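A short worksheet on the structure shown next.
Letters A, B, C, D, E and F name the chains as they come in the text, with residue numbers starting at 1 for each one.
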Amino acid sequence: MEDALTLDTLAKSAADMAMSIDTIWVLVTAALVFFMQAGFAFVEAGFTRAKNTVNILYKNLMDFAVGSIVFWAIGFSLMFGANTAGGFMGSPSLFNFDIWKGGIPEEAFLIFQTVFAATAATIVSGAMAERTEFKTYLVYSLIISLLIYPISGHWTWGGGWLASMETPFHDFAGSTVVHMVGGLIALTGAIALGPRIGKYSGKRANAIPGHNIPYGALGVFILWLGWFGFNPGSQLAASGSANATAISHIFVTTNLAGAAGAISALLISWIRFGKPSLSFALNGVLAGLVAITAGCDLVSDLGAIIIGTIAGVVLVYAVTFIDNVLHIDDPVGAVSVHGVCGALGTILVGFFAQGSGLFYGGGTAQLVSQLIGVGSTAIWALATGFVLFKVLKATIGLRVPKRIEEEGLDIYEHGESAYN
Amino acid sequence: MEDALTLDTLAKSAADMAMSIDTIWVLVTAALVFFMQAGFAFVEAGFTRAKNTVNILYKNLMDFAVGSIVFWAIGFSLMFGANTAGGFMGSPSLFNFDIWKGGIPEEAFLIFQTVFAATAATIVSGAMAERTEFKTYLVYSLIISLLIYPISGHWTWGGGWLASMETPFHDFAGSTVVHMVGGLIALTGAIALGPRIGKYSGKRANAIPGHNIPYGALGVFILWLGWFGFNPGSQLAASGSANATAISHIFVTTNLAGAAGAISALLISWIRFGKPSLSFALNGVLAGLVAITAGCDLVSDLGAIIIGTIAGVVLVYAVTFIDNVLHIDDPVGAVSVHGVCGALGTILVGFFAQGSGLFYGGGTAQLVSQLIGVGSTAIWALATGFVLFKVLKATIGLRVPKRIEEEGLDIYEHGESAYN
Amino acid sequence: MEDALTLDTLAKSAADMAMSIDTIWVLVTAALVFFMQAGFAFVEAGFTRAKNTVNILYKNLMDFAVGSIVFWAIGFSLMFGANTAGGFMGSPSLFNFDIWKGGIPEEAFLIFQTVFAATAATIVSGAMAERTEFKTYLVYSLIISLLIYPISGHWTWGGGWLASMETPFHDFAGSTVVHMVGGLIALTGAIALGPRIGKYSGKRANAIPGHNIPYGALGVFILWLGWFGFNPGSQLAASGSANATAISHIFVTTNLAGAAGAISALLISWIRFGKPSLSFALNGVLAGLVAITAGCDLVSDLGAIIIGTIAGVVLVYAVTFIDNVLHIDDPVGAVSVHGVCGALGTILVGFFAQGSGLFYGGGTAQLVSQLIGVGSTAIWALATGFVLFKVLKATIGLRVPKRIEEEGLDIYEHGESAYN
Amino acid sequence: MKKIEAIIRKTKFEEVREALLDAGIEFFSFWDVRGAGQTREGRMYRGVVYDTSIIERTLLSIIVRDKNVEKTVLAIMKAARTGEIGDGKIFISSIDESYRIRTGEFGDESLYIKGKEE
Amino acid sequence: MKKIEAIIRKTKFEEVREALLDAGIEFFSFWDVRGAGQTREGRMYRGVVYDTSIIERTLLSIIVRDKNVEKTVLAIMKAARTGEIGDGKIFISSIDESYRIRTGEFGDESLYIKGKEE
Amino acid sequence: MKKIEAIIRKTKFEEVREALLDAGIEFFSFWDVRGAGQTREGRMYRGVVYDTSIIERTLLSIIVRDKNVEKTVLAIMKAARTGEIGDGKIFISSIDESYRIRTGEFGDESLYIKGKEE
């Protein structure tokens, strides 16, 4: 601004301001998304037993730490590098971020993507809680942030094949890319591990109540807060009236879907089980938030409420189905919340997207793209998760010995107890 | 910016940038205010007994969820619709937000107002803790967000009659509109319910200590953080040097008042009771923050400290007076913190407002307006609260049966216990 | 913008927008730094015993409250007033903030500096936990925020002598100015107090495990979040592409160093003690964050990882050395985390600063300046801390009586217990 | 000397304590226990009901001189009764010896304060 | 009447409870204790190992009629055993008297439900 | 066999444990209790004082062979004493039978490790 004033210098400085505004927005929302790590840690710690609390907190801490480094080192390039292998992945390169070009500094984009990658990784720990070897978990979390998440992420967000379809697959903030991927890998992990000792007696599922429901509630409040970074931040811009209007709308749809999810899970659990269950309502919030994530930019406010409501209902049935019928032991409901509702929300975009959605006269093109995106990403997550845990099981071992599981991982694996 | 560069396109883009800046500001502060829900939840959970923890967390979660939806559906229009009934309320309309015009997208304004409405609603749960029927609470929270709060809110913030007085009633961020309304409805609720079993033996008040003071402290830290959204966000703008200076000033006055409230409550409780009490200091912070909310934009830094100090002192006396003399059982002190200090802080604007305040030679006009605003809003809150709880008591019932209250609401109402 | 449009009015409004952007940035990051108070409170509460929980929370609350007021009243002027006494301190003046001139409103700068001052103050409580008189702590915290911190802060950030050296001492966000000062005063406090009863039996150090590790983890997550305000906020500006790029880079280096600290502390504790210890990994995060704070703007991403890694390793050795060899009882490891790693990180700037650092061919000039800065500030902190605690010990007394220490400070000093 | 162990509802603790004080019994210890008995409270966790008869109770352990057994039992009986299932039990057993750590007193003497009571 | 106190692994509680139910023992109280015994679990806090023999156990306190002592002990023995050090102990002592607070019943009668069992 | 129940200050636990180890007593269980006794600690909550005699104590339950009773009592007495009101009590009662769950050993045998002690 020390140059002579001309229209051009002013335009330049206006462009600079726009970039600053976008950068602030992305960084602040990245900080909120980072905080979701604490949210996940407390949801998972609260919904498991006291004897494994140190372990679960540790896993949540380390998957972020490890993920931050490996995503920075290579993962980012796999996700955002130039298409290679026909849009299957980005070209790998070592800590190289100028492969990406956009309206904000590349490191702002990097940190935003890093906290997203870490979210996908951390979802898994909940489903595998209370029985997984610590060192195996470290290896798993390295591989998801390094390879699994970036590659399928590339398909949708890195300009890969899903983004290049005629009607591109629409997953605005990651119902599928982040949550479903995390949730389905969680599923393969939970299956590979088998249920916790005492979880099933024959055909009967036993309750293993979480040790501290307030931690669970704290976690959900933090996650809800974080989602106000997750979804509106994914706009990656705030400058100009179009962006400002968009992020405001996304804020509202996100909030309404979470609220609707809480209400419908409350009502359904009340009707089905005779009492309104807090643990279901808390999961209902998350279900609504996960489901709205794909279409938070395109659906109307009312659409958001409907999507959240559906997600809350489906959540309750998914949890009990997976537990009572499939007998897959997912201590915190990660598979239902992130896997099932992630897929659900993404598909519902095909119905509720204003303009392209079926209910808005947009025909089935979008819906088909959504199904292709969900389906292909699901196959990827399931297949890689399956192989990964198979290999880990055969090599370094997946599950702690019976005695350690019974007495608690905290003391035997870490030599520390959570409460003294 | 792809148009030809002219002064006009540049001015347009500058206006756009200003709008973006304001939008970011409002959305970020809305997120902080949202997080106050977690703060309230933990203050209330910490200051009540372990056997009702699931219940109190649940109420805090659901009043936000329910409030979000009904405020969106109708409440907003009652608050910000065109004056009707002589400025008594806004014209109701269904999910209609373009009734409001301002410098930011209407949905940004909507979400900011939603989290405010939810704050008023959630205050009440603390005073009614440990003995209220869950379903009745849901109905109550629906009605406050749908009707009670929006209507009196309209008077001050919606262009209603209090805003149209010659010297308009000044309640910048809601000492009265939000906190006092919540606090006085809480009062009517606590009276309608009667005290918890065992709270009073004849004339003697018994202590029923909260089960987890760290939760209370966490809650207060979160609320303090949230207040940095609540007050500075209420400027609804950050662009231009006047706004930037204003929000900076509000940040400082807010912080100083909270700090002063903590110190004075600490000292008074130390002097009165021989020991410095953390629970009072925590409430003192909130007292200072509530009190400064009305005038945070107008008072000087020193004024803020004085207001905070007064609030801290008054808080301690209000709590013990309500408990020991009035024998109204308010487990978390919501009536004192929000009701008493909300009214107090609003009235003190009449003294401390730079320019219009009595102490600044502004005469009594502002003070009179403040008294009118506080008085009329108080009557509204007390009257509607009284009727509401009367009706609820006569119809679906207000209080849980004795046995359930004794054994705890968690197990009997929700079938879940907080700690396992 | 109602004036006639000219290049000049547009330029003026562009400058205004820049100021707004910077102000938003500083205020939002100030809010995040404020939240670090909750982080410290919970780290310290978690890593000490349940019988002193009210006390430690109380101290964390009050040092912020007291610090806010005294830093506002005088501290700020000592730190940012015009050089006096040859750059030794700023000229004192009462609540006077226009002594500082910059691109943002002076009160935005004030609040940002206030939360920093409070951080330095609050570090000390952890090292002095479980045995310090409450009233003495209040006096201590008043003096650090009023005098000790502002004066040495002036040297580096207020234009004092360290900032005026030929190669100015570089401490971007306060590894030395904030953390090392806090950590070394903590050291003098811990020495002046002596160890907790039962901490050492002759030459043997006994473990006194913290009572709630989840609180410790929550605190660390909150602190990590806060650091995204602490470091990027210290840029004090976000407008223009240079600033936007800078804050993005700082975000990334901060995160990478924290992550690396966690990983290296995990590995070292695993190797040294046979089991991966969560309490060390949590401290490792903080060690990495403290260490990167001085150079987060200048070092490369890889440099940040290396600095974080070194800090994590040093942390583990520092904790055990101070405990087992020096027999100084620092319950939460504040001296190691903030004192040792603060000094370390500042010195490492002399090696890793891109441009001026030794490893980048910048010669030793920067390194020498770093050593001078660290050395002189360390002497100041140690000397004033030593005198302060000596005087407090001789006058109002430093340590609670044996009986109170044994039975817990909560009940005897505050009449409240944390859990009921 | 007898040991009286009373398992009572948690919610009745304050009343029992006052009744004991009124009866002149000032010394006792107590802690939280869980009890399996006739009362059943259905709990549910994420849709899985877990039948549990597990109820929070307080156990009072009171060592008294033989002459005080009766009034202690009566005091508890009266204060702890609600008449509904789950009121709890009182068990009495013999104590061979008792010591006061502070003074080394033993036997009956260790159970009351000289001077305060004859 | 006898009091049976069993100190068992926390993790064996569910099994023991079911074994007791199967043996017809429906009434008991229990709480968490810590035990010093032969098992040692090394804990470490910030690099300082604290040798601790302190293990979490559950203590069951069951008052039964004399005729039920044997089956109770056998049930616990079977359900609580893992064969590894630290399985715990069972102690039996005499109870002089027992009262049911709700009804005032005492003696053996207070220990079972009339009608349910002969 | 005797059961020794000692109610001590929580803060004295470590010392008592070491004194017991020195005396050769390695097996015991303990848990937190609250005690009503002569000590009063005033607590206050939001301005309402609640007189409470309720103090946190640790209860040690040690079953020993008859010959070990004396040294156990002496060890506790010495380690737990501060001389101030509130030091606690020791109660001794008889145990009829004892079983080690792991091996099925009973009687005195169940109370020590063969080979370790004669």
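Basically, contacts are C-beta pairs under 8 Å (C-beta built on N, C-alpha and C of every residue); 3 or more make two chains touch, one makes a residue touch a chain.
These numbers come from a predicted model, not from an experiment.
Considering the contact criterion stated above, the chains in touch with chain D and with chain E alike are A, F.
Averaging Cα coordinates per chain places chain B and chain F 52 Å apart. Centres computed as Cα averages put chain D at a distance of 18 Å from chain F. In terms of their C-alpha centroids, the spacing between chain A and chain B amounts to 33 Å. Shown for chain E are the residues that touch two or more other chains, namely 31, 43-45, 49, 84, 93-94.
For chain C, the set of residues touching two or more other chains reads 7, 10, 14, 17, 21, 24, 28, 209-210, 212, 218, 273, 275, 277, 279, 415-417. Contacts between chains, counted with the stated touch criterion, involve the pairs A-B, A-C, A-D, A-E, B-C, B-D, B-F, C-E, C-F, D-E, D-F, E-F. Note for the complex: chain B touches chain A at residues 1, 5-7, 10, 13-14, 16-17, 19-21, 23-24, 27-28, 30-31, 34-35, 37-38, 41-42, 45, 53-54, 57-58, 61-62, 64-66, 68-69, 72, 95, 104-108, 110-111, 114, 134, 212, 215, 218, 413-420. The touching residues of chain F, when paired with chain E in their complex, are 1, 3, 17, 26-31, 61, 63, 93-102, 104, 110, 113.
By the touch criterion stated above, chain C contacts chain A in their complex at residues 7-8, 10-11, 14-15, 17-18, 21, 24-25, 28, 32, 49, 209-214, 217-218, 220-222, 224-225, 228-229, 232, 238-241, 243-245, 247-249, 251-252, 255-256, 258-260, 262-263, 266, 273-279, 281-282, 285, 301-302, 305.
Here chain E touches chain F in the complex through residues 2, 6-8, 31-38, 53, 57, 59, 73, 76-77, 80-94, going by the rule given at the top. The residues of chain D lying in touch with chain B in their complex are 9, 11, 14, 41-45, 49, 84.
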